[in-house]
Amino acid sequence: MSQNPLRDRLYHILEPHRKGDYVSQVFDIFLILLILANTAAVMASTVSEIHQQWHPQLYAFEVFSVVVFSLEYIGRVWSATSAPQTLPFRKGPYQKPWQQRLRYVFTPMALVDLAAILPFFLSMFVLLDLRILRLLRLTRLIKLGRYSRSVNLLFTVIKKELRVLAAAVSVLIIVMVLAATGMYYIEQHAQPEAFGSIPAALWWAINTLTTVGYGDVTPVTALGKVFSGAITILGVGIFALPAGILASRLSEQLRLRRDTFRKHVMEVMEDGSLTPHELSRLNQLRETLGLDDDQANLLIDLAQDYKQQNQQDDQHFRYCPHCGKSLPQPEDSHSHQG
Amino acid sequence: MSQNPLRDRLYHILEPHRKGDYVSQVFDIFLILLILANTAAVMASTVSEIHQQWHPQLYAFEVFSVVVFSLEYIGRVWSATSAPQTLPFRKGPYQKPWQQRLRYVFTPMALVDLAAILPFFLSMFVLLDLRILRLLRLTRLIKLGRYSRSVNLLFTVIKKELRVLAAAVSVLIIVMVLAATGMYYIEQHAQPEAFGSIPAALWWAINTLTTVGYGDVTPVTALGKVFSGAITILGVGIFALPAGILASRLSEQLRLRRDTFRKHVMEVMEDGSLTPHELSRLNQLRETLGLDDDQANLLIDLAQDYKQQNQQDDQHFRYCPHCGKSLPQPEDSHSHQG
Amino acid sequence: MSQNPLRDRLYHILEPHRKGDYVSQVFDIFLILLILANTAAVMASTVSEIHQQWHPQLYAFEVFSVVVFSLEYIGRVWSATSAPQTLPFRKGPYQKPWQQRLRYVFTPMALVDLAAILPFFLSMFVLLDLRILRLLRLTRLIKLGRYSRSVNLLFTVIKKELRVLAAAVSVLIIVMVLAATGMYYIEQHAQPEAFGSIPAALWWAINTLTTVGYGDVTPVTALGKVFSGAITILGVGIFALPAGILASRLSEQLRLRRDTFRKHVMEVMEDGSLTPHELSRLNQLRETLGLDDDQANLLIDLAQDYKQQNQQDDQHFRYCPHCGKSLPQPEDSHSHQG
Amino acid sequence: MSQNPLRDRLYHILEPHRKGDYVSQVFDIFLILLILANTAAVMASTVSEIHQQWHPQLYAFEVFSVVVFSLEYIGRVWSATSAPQTLPFRKGPYQKPWQQRLRYVFTPMALVDLAAILPFFLSMFVLLDLRILRLLRLTRLIKLGRYSRSVNLLFTVIKKELRVLAAAVSVLIIVMVLAATGMYYIEQHAQPEAFGSIPAALWWAINTLTTVGYGDVTPVTALGKVFSGAITILGVGIFALPAGILASRLSEQLRLRRDTFRKHVMEVMEDGSLTPHELSRLNQLRETLGLDDDQANLLIDLAQDYKQQNQQDDQHFRYCPHCGKSLPQPEDSHSHQG
């Protein structure tokens, strides 16, 4: 992609490691541990005894972390031009390096990286509230997202199924408002403090319908208990829904991705063979689609069997073209006819 | 559909907007915000400090809201005759405009719209309890349902799977009654207040089996704790069931809808091409069936590829019309025989 | 089946009604209401005020209920010989009427029916504890199971997936024992009452891992809180499993039943037509398999289309034999060749 | 496998019994009961009254148990050489008996068996804390895992889906840390004890987001309640995700295993018949894959029907070998052409 091997190497070190790239792997582990240690440090520094006793050490650690994260950020921006064009069909016109870098700077992960270091530098020039500074340091936790494919999968699903989740939450909130209103009318006089207004009653409704049930506010009148019981049973029933909808939608997604992979395998194997380069491309696709090793291998095996058979004798279906299973050999019948 | 362009335009503005209709979109957003503001106003007006201080403003807002909702209602009833016949096979005999409007007035959403304004007008003539008036104002929340396809999906699912949900709730209630009865016999004498009768023990049973667990009533005897523990474990086990049943049924529904869509795509493309009008009809169908953009596009793409191939050489299946996978070319074998 | 029309009629009235049999429907509703009223009566009779004031009425109602249930029981046993042989392949040797009735008496539902009336008659001869009598009256609730197909579906699923559920409960109990043991060592000295022994600590473990969380017993030491938090997160994670396993297994079951139905439809339509009798048999099968109306109709439609096409021209695939979708017509290409 | 029939017999007795091997079954039940009794004994011995009164009996039972488990362990190690090569493709070079035994000793289940007896023998030579000894005795519970296929299924799933579960737990922990941080800032001054530091606030966050909700620590400020409510609703929404992902992944697994089984059935029946030996091998495979009896039988039936049909007339597909549906008879069209 580029003519700068140093920058290319840096790019690969900073990105999540590939199998066999041990330098990149060590760097990944180091960064993950540093992020976790930062989180622990922020949490520990709010315990006053720890804060008083270890203040200098914690500050030194913070400076060290900011230096590392700053270098990482600079490295990422500089090596952004070495990124492969993962989406070739989207490439558009040629971009100058500074355009590529500027575009990278505004990607979500780059903004998170910036948010992880900026407050420290800002606090040198501007007087910032120490507590808000600390809070911003926790954004470093989000940097972890880069390293876990499963966490990414979760976020992908959340993004894709946001509507269903939002709908479920909307219905929940509507039910909560109605429950709070009902309870306000019922318990208003018995417990003027806990149910004196609908917003106050909402506290009870939220903690009941999510089944948290702190128990700091509970109905005391008979009617209130009947109403509360009915609402709780209803709420639990409603809550089986979003989970079920999500599960069925995710099954669909998985099927869609498997079909896409199978289509690519068949295309790649049009010529009956599978070069190492094609295999590595398929593997990349497999990872992008989040498919299992087992499934991918099965699909490739079936396609390979099918192609080999059909090359020997390209007249008949030896393998079902749809599922790749072997068929009894009808060519015998044809030879009878011939 | 009708010869009145003004009424047709009004109809489209009042309905949830289509892509590109910005006037309708602005109107939708305005109504959604108004509904949410109404809910907030009802909730705020129950807080006595807010009520005393902001009473005139809140009343003015209520009058304004009722005026807007009334105009909306009148507009909807008047423009009901502009509604397209979404279900052509159900059209039946010709209906006069007033018949169409009357039929519209009795649709569920129109009744909700009426319930959102009627109490205000009634309170001018009849002396109504202010608190019940306020409660009825919250029915305005249900008007929101019109604007969220996902919320509608949830309600569709609830309606369709009502039996399963009802069965789950029935089983739950039966288990609760039995649990309450058991606990009543065990804890009757130890806690005569909380477990003095089966209805009283039900309060404990509901809050335990739904895992709310307020903790205001808990067993104190050893036997009661053993029984409570056993029932809780059992109850949690039973509760994995309805969620599982729902998930599997919804998967089925999704599969059914996808098949229906595929069937329509193939029918529409019988002639090998896809006119913009056909595409827009397919898109409408896609929305009705609640299918994903990605899925619909994949299905259309596959159908298109298939048709193009088959036009060049319309004798043989080069691609399976159903799954789009390439087929071995049987014409070679036939020509050999010929 | 039998030569006694009166007994046959009685049999159909007692069984859950079929569409159009209004006498049977009225009888069903009457019995369901009677069962619910019985449950309410048992529950109400444990409230001492109600018991004192309404005792004669409650007793009269009990006598009335027992009479009705006894007549129902006698009717069921007598008309058991009118039951159709629902499972023809299981018929075995000819059975005399009294053998059929005896076999019926030992079916689970008949035993429940007996348990619903027997205690009342026993209490006439033997001195029974009134409280146990009352408890036994609640078995009448189980009679409801006869009338809800969805409740039956739930029980079928529980029976079929008992192993998975049992395994989930076993794992849960093992985790609970280990959690209780850990907490016993940690909190033993801080809270000798709540965590003084492993059985005592189990009460905490059960209510924490099922997320009931009464809050009557909570860890107070720092280590206890860390341990409790870790166990809770773990427990919630483990609990997503059985629900997921169940959902996937139920999807499988549904698929299996749909395939079975399709197979029967294809068999029934071998001759290309569908007689009303065949249709009613298919409908019965559909109900037994718990399939949706929509699904069944779609499957029948597809089969019908397929058969009609293939009768006109039995040489070529006009419809895919697997999914029943229409195929482009290859016979044109053959005529070209010819 | 080996020439020592005694050792082979011992091996089969010690392994979970097969159908019909009653000696092995009795031994299995005996061991299961012994393990359960051991767990009960450990739990009971922590109740001080029981400990004081029954100490000698409990100790005798412990000695008896250790003797049995030791003999079991020795038997298992000795008979390890009789284990069939369950994974023939993994056999590698020939191993001497002591190598096989050494390899067995380091399998997880063998280590659990060792951990169940070792502490007792160690305590004879070294002075061990009695409480830790007792704790180690509970590892015997894990020995139960050998006997339940469903528990094994659960563990298999956990192992296979560990990444998804770990991702879900990671996201949960991140949300918890952020929630605890937010609450720490909000409630810091109102409740310095419960929310005085982020670690302290984590206790609240864990018990709220897992919906345990003990209620020992709840927000008291208005802002705290709003924040808590928002986080709770969000948390419940996020928690529908892992369950959904798991369910869809498990469906995939099940489909994969069913396809594998079908492939083997077709292979085994290449010759058109199914010998008892082949059937027993298929049954073993079915158990390994965790398939239902019904499903396996259906697959075998379909394959059998297919083979029988194709033997009568082995030229054409009368039934699809994969789904068992009848196919239109293409030989007619071919003969027309011929």
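Chains here go by letter, A, B, C and D, matching the order in which they are written, and residues are numbered from 1 within each.
Heads up, the rule we're going with is that contacts are C-beta pairs under 8 Å (C-beta built on N, C-alpha and C of every residue); 3 or more make two chains touch, one makes a residue touch a chain.
For each chain, UniProt lists the protein as follows: A, B, C, D = Ion transport domain-containing protein.
Small disclaimer: the values here were computed from a predicted structure and weren't measured.
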For subunit A placed onto subunit B, the superposition rotation in degrees, Cα atoms, nearest 5: 90
Homomeric contact subunit A-subunit D: same or different residue positions, threshold half: different
Pair joined by the larger number of C-beta contacts - B-D, B-C: B-C
Subunit B and subunit C, separation of their C-alpha mean positions in angstrom: 27
Between subunit D and subunit B, distance of the C-alpha-averaged centres to the nearest whole Å: 39
Contacts with 2+ other chains: residues of subunit A: 168, 202, 211-215, 242-244, 247-249, 251, 334, 337
Interface residues, subunit B side, partner subunit A - complex: 39, 42-44, 46-48, 131, 135, 138, 141-142, 144, 148-151, 153-154, 157-158, 165, 168-169, 172-173, 202-203, 206-207, 210-216, 239, 242-243, 246-251, 253-254, 258, 292, 294-295, 298, 320, 323-330, 332-333, 336-337
In the complex, subunit D residues that touch subunit A: 163-164, 166-168, 170-171, 174, 177-178, 181, 184-185, 196-200, 202, 208, 211-215, 218, 225, 229, 232-238, 240-245, 247-249, 251-252, 256, 262-263, 266, 310, 314-317, 321-322, 331, 334-335, 338
Complex contacts: residues of subunit B adjacent to subunit D: 211-215, 243-244, 247, 251, 337
